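Each structure below is given as structure tokens.
In what comes next, chain A is part of two complexes: it sits with chain B in the first one and with chain C in the second one.
Take a look at the complex of A and B:
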């Protein structure tokens, strides 16, 4: 096995062991979307009518509509949680251990990113399992098709988190940033309402939602859950991933990055 | 060949000078104590030596490998113990070592063999299966040193490794690392502000306000155990 793959498997194993030992984190990640699904969606079901739009071929309940958005929400929170732990690790020192390994820094950061994404995928499948028991049945192939979509959206959101972690120098600043990122990103997206609904109240809000990469992650997942590909969403997600990963790698580069911008001779 | 060569190294935080034209070498088997009061520039020097920071002024070479142009080769020769603890407390002692071994390219089999060796060397063989959280401060530090030795480094960097430990644990760790330099020929750079950790035959490097004030054998710099007084006088005079 090459040193690259050894490092990858070690980082994945470490993250998996953390995931197993931190059961509270797993439960917290599930409680949030389940509250939205069971409490919020039930309340809004009567108020929000939804017309037939792709990928749906028939009328759907509001609970069915928000499931993809809640899957993306799990990944969004997981990405921010991973970014928070990166900032914590950097302050507390264990990130230093990783960054002083004799491997390219981009590879080490990518391994860390991938480990976080795999954890988020496990969380999403657990959520989909509970939603199934709650009565939200999706096409069987959708559960398979959604895997690569979750990988793509998780990588995109993880790259955004990695970039944020590279720009934030102190742990205390992170809570504020999370609020400024998570809530606008989630609410200004198609996670809770379709674009045409947004357009009815404000064209500007609709345009913002259409531009928000999180909307495209949601739509990628939504189509995949019905065994369909949304190519536009995939391109948006891939592009956003590439941009934020490049920015994050720049941020963590000791010679050029944000981490040392004040430390240049 | 020197284990570590630092030549003309300077570094600034904005306009604040942290290191100014620092040059020194550490030979294989040498125990070099980097002495300096708080704020002397020790941690900055460590961040540069481990490539967490990069300076455009000066050169660092580890076993002849330039840290700027061949970072992977240079880092592969280096074991590091940071000032802050970097262990995963939820993992066992053995898993902490295996994780580090994998980051340094060791196979699972090599990792197991090396872990047994380094734990034996640090008198911790019987603790391999324990949760790291169950270890006391002294043993956690020893584990960090064991971990830094997993890939057989030729240079060991330790940034204030005895901070927060009681006198007995401090003495044990200092003795272990001296033995590593003496018996295994590992070059050691030991940053500290605790002068009593320095033995008469150690090399001493006194750093203050980013400048090297003195460099030489401890017994030559301040004979008859007068190093603490000498260090105090030197850094106080310069500060005044």
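Take a look at the complex of A and C:
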């Protein structure tokens, strides 16, 4: 086995073991979107249906609308969790061990990123399974099409998390960052409300939502769940992934990165 | 030789003519148009200009012409299904809202909403042959398969009037819930269903005893009971199901027509009014008045599959099978 693949399998295995042993983390990842689906969506009182926007072909209830956003939310939290574990690893010293492996730094970070994404995909499928039992049935092919979309959106969010991890030195600072990242990113997106609904309250809010890369991740997942491709969303997601991965690699580079500058007295 | 060539060419031309596909014709009350939906593609393929305030719409039993209530023009328009042109107008009495065609394919029973009258039109002689006084604001119309009984429901009197089609006289009145809108017989003529919009129920009557057999009620989670207003409905040929439009509840109820149990609801557009069903009973087309569209429900999968934009305030819908 090539050293590259060995590193990949080792990192994946470590993440998988962590996923299996931390059942509370898995449950928490599921409970959060389920609370949104069952409690928040029920209280939204859109029982009379939402106006039709692509990819929907007919009227839907709010519960149906919110599902793709909640899939993306699972990935967002998972990405932040992975970033948190990176900061923790760095504090504990295991990060140094990883980064000193005789392989390119970008490959090691990418493996770490991929491992987190695969965990998030498992969580999303578990959520979709529960949503199915709850009565939210999506087209059968949608469950297949959503896999590459989840991979793309997961990589994008993971890259953002990686970048954040590269900028934070202490674990204590992370909670603040999570509040400043997760909540605005989630609420100022199409996860909870369609753009037309945002436009009704404020044009500025609508524009922010339309610009937010998280919205594009949500829309990529939404379209994929209906076996359709949203090319614009895919481009946005790919571009965001590339930018944040480059920034993260730069951030983790001891010669030039943010860490170096922070380490200076 | 020439004759044979001409006949061959004529035959070829005839064969080359595209057979008419299955269509659903939808009357748009505010646009004075009919939207034609091609069933296989589920797209609007044509829009026809018609008279003022089109509401009730149906095809002749041979599906060669369509009849349309142009309410504000006080006429019944006859439209050729092939050319989609208005052939002529027929007398209807004042303000015809909706109607039913007798199995003889000749007599149409029309509700004249403002005059409290049911007019009987002979489409061959093109004249009104009878005018029957009924309750206030007549609306729903139904004729049994045997052609012996015609029903008129009157919105304000809250009654279903049973009319003898031989004598053109009312021989029975049945009290139903508030504002009865639509009536239909089962295919065996043994039961009559009548919807009550404000009353919120679907009433079932025995056609021999005229006694009410059941009142079906609807409850939708998170929807206010005032918004549950049954209007149009369709019974399946095998009498196993009845699909009921619930107005501002934006739902079609699926009801077991034998046990009267409500089996479920389908979300459709705003203020669903009437509907048409394909002859193989695999698709249902609902007119959603306020949202100006038609929702197509796949009855095999029991799920709405598409909503297509039509004109403003679609009212009635009629299904025409493909040419054989």
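Assume the second predicted complex is superposed on the first by the 257 of 265 C-alpha atoms of A that agree within 3 Å, B and C clash if a C-alpha of one lies under 4 Å from a C-alpha of the other, contacts with A are read in each partner's own complex, and residues count from 1 in each chain.
The rule is simple: contacts are C-beta pairs under 8 Å (C-beta built on N, C-alpha and C of every residue); 3 or more make two chains touch, one makes a residue touch a chain.
Keep in mind that this is a model prediction, so the values were computed, not measured.
When the two complexes are overlaid on their common chain A, residue A:10 makes contact with chain B while staying clear of chain C. By the touch criterion defined above, A:52 lies against chain C but remains apart from chain B after alignment on the C-alpha atoms of chain A.
Once the two complexes are laid over each other on the shared chain, residue contacts for A:140 go to neither chain B nor chain C. When the shared chain is aligned, chain C comes close enough to touch A:42, but chain B does not.
More residues of chain A lie in touch with B than with the remaining chain of the pair chain B and chain C. Touch criterion met: A:21 reaches chain B, while chain C stays clear of it. Within the superposed three-chain model, A:104 lies in touch with chain B and out of touch with chain C [touch as defined at top]. Touching of chain A by both chain B and chain C, each in its own complex, is seen for no residue at all. Across the complex, chain A is touched by residues 10-14, 18, 50-57, 71-73, 75-76, 78, 80, 82-88, 90-91, 95, 98-100, 102-107 of chain B. Taken in their complex, chain A has these residues touching chain C: 42, 45, 47-49, 51-52, 57-61, 137. Of all residues in chain C, those touching chain A in their complex are 220-223, 227, 248-250, 267-270, 291, 295-296, 303-307.
Put simply, chain A touches chain B in their complex at residues 1, 3, 6-7, 9-11, 13-14, 17-18, 21-22, 92-94, 96-104, 108, 254-255, 260, 262-265.
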